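To keep things simple, chains are lettered A, B and C as they appear, and every chain counts its residues starting from 1.
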């Protein structure tokens, strides 16, 4: 391949859209349109002569290197093009609070996690993991959230009751945390504002 | 090129991140790891034998097709692609501490760098360069950080082992020195005062 | 080094608050810079001179509001004082007060070296472009979200660990010791015609002592052992021996 063909190959590979011949000509100040056309032809032939997994296509008034259709199924099956999205720690924690305390309002989630939850709640809702399940009777009638069907589907659970429950979990995240029992011992304690 | 090499080329072309040999092996159910390695070698040789604008590189535990550095300036000048923004000194230093001390908590990072690290840690986490890998048993159960896969990708390293070793550095300290706790430090001062 | 940033008035620290964070990445960086300028080995750090230069620099750079720099400044001043203290050189076990600072500087310098190496590696990588074209996503939600029960459980643990734990105070009922207070007041009145309230409390009284003494004094006054007199408005109360009762 000529140096110009190599330069065009690098540019076409790194661009996120088809590049027009005019644009490609700006890569090398000394190259004419004719030079660019020749180099593009060389690149196309190179990909076709000894078969490659990619080919040079002319589309939308420009040129683009794309994978050959025959490999699409295998690549798609392997899910490479996009990294499987993982939930952020914040999203997971919010989801955890909702899963164990549903129906639960934003204020309570924020109280437990100690940070504002607006953005996370919106994104969880957009991803279909949580949904609004009602409104609280509290002042302002705030929305109450619960987990959606997709949440159980992703975790492979039949029911929210299938979520693991440990001693620690039930104490800290029980659906409606009550004030600890006031026994004889507890009477000697005063809960301070923290 | 063999059909497997073509398939790998198509997959590597379509991915915007390095693909591991394990991932590549899932493309063709009949291909063994050895087959994949042979095909990758064929692909690499092909790009190098008749020079291409791109090459096959091994990094972050996987393989990725990237443009050759000699074309970077021209591509950037033509605005087809932009270089990754440079990391700040604070970000690099914090990454250096985490890379060598992982898993490491915020307090230790701040002690080594002599500055508070909250903002830098948050931004490194948002950029996906570091991740929370656990919690320390110390008081308050502080979060422990480690480098993420993207860290190696960004530095173009195959492995953490590619990082310079202490004997290659002018100042050779033990990478995992036990951090003296506050008590030790205070004791040293007291001793000096007596 | 870049020019100092404009004063950040948004921080409300008043005029002159100029933080040139991009010039130095921290107090250790500034210290290393000073040592380099003076061509001094880290282990030989002349604390007194470097401390003065450090203070001068943070004043000049307008960094005097930055806690990290102030923390280092106070450490340096403490070291400066320690270096002035007489040494018992003959004795073993004298530890150079600078040792900890020297260790930190060396460690930080190593980190700096690695950071520079990493910066270069990142620059080399930035010379190469990855595939820019991404095929449009097929209809959502085609990409399976990775989520498993372990992730969830770990999230739950993080939430629990991060939950503010209610602070519990044990309230211990400490009985008032009126008897001792009574004896003390009686003893004082045996020796003096009259005493002041503070005198009756005894040295360094606790709240319990104050309450005990007050109750004792009131009880003694009720029994007619003493009289409580306030000679004028807003003056301290005087505890006087009841004249009817002779001194023992």
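Note that contacts are C-beta pairs under 8 Å (C-beta built on N, C-alpha and C of every residue); 3 or more make two chains touch, one makes a residue touch a chain.
Keep in mind that what you see is a predicted model, and the values were worked out from it rather than measured.
Closest to the protein's overall CA centre, chain by chain, comes B. More contacting C-beta pairs link the chains of B-C than the other of the two pairs B-C and A-C.
Greatest Cα centroid separation from chain A: this falls to C. In whole angstrom, the spacing between the mean C-alpha positions of chain A and chain B is 21.
Remark: chain B and chain C have CA centroids separated by 37 Å (rounded to whole angstrom). Look at where the CA atoms of chain A average out and do the same for chain C: the two points lie 41 Å apart. Within chain B, contacts with two or more other chains are made by residues 13-17, 65, 67-68, 75, 80-81.
Multi-chain contact residues of chain C (touching two or more other chains): 129-132, 134-135, 158. Those residues of chain A whose C-beta lies close enough to touch chain C in the complex are 10, 13-17, 64-66, 76, 79, 81-82, 84-87, 89, 92-93, 95-97, 99-100, 112-114, 127-129, 154-157, 163-164, 168-169, 172-173, 188-194.
Chain B contributes residues 1, 5-11, 13-17, 19, 23, 26-28, 50-54, 65, 67-68, 71, 74-75, 77-78, 80-81, 132 to its touches with chain A in the complex. Looking at the complex, you find that chain C touches chain A at residues 129-135, 137-138, 141, 143-149, 151-156, 158-160, 162-172. If you check the complex, the residues on chain C that touch chain B are 21-22, 25-29, 67-68, 71-72, 78, 82, 85, 93-97, 99-100, 104, 106-119, 121-132, 134-135, 158, 161.
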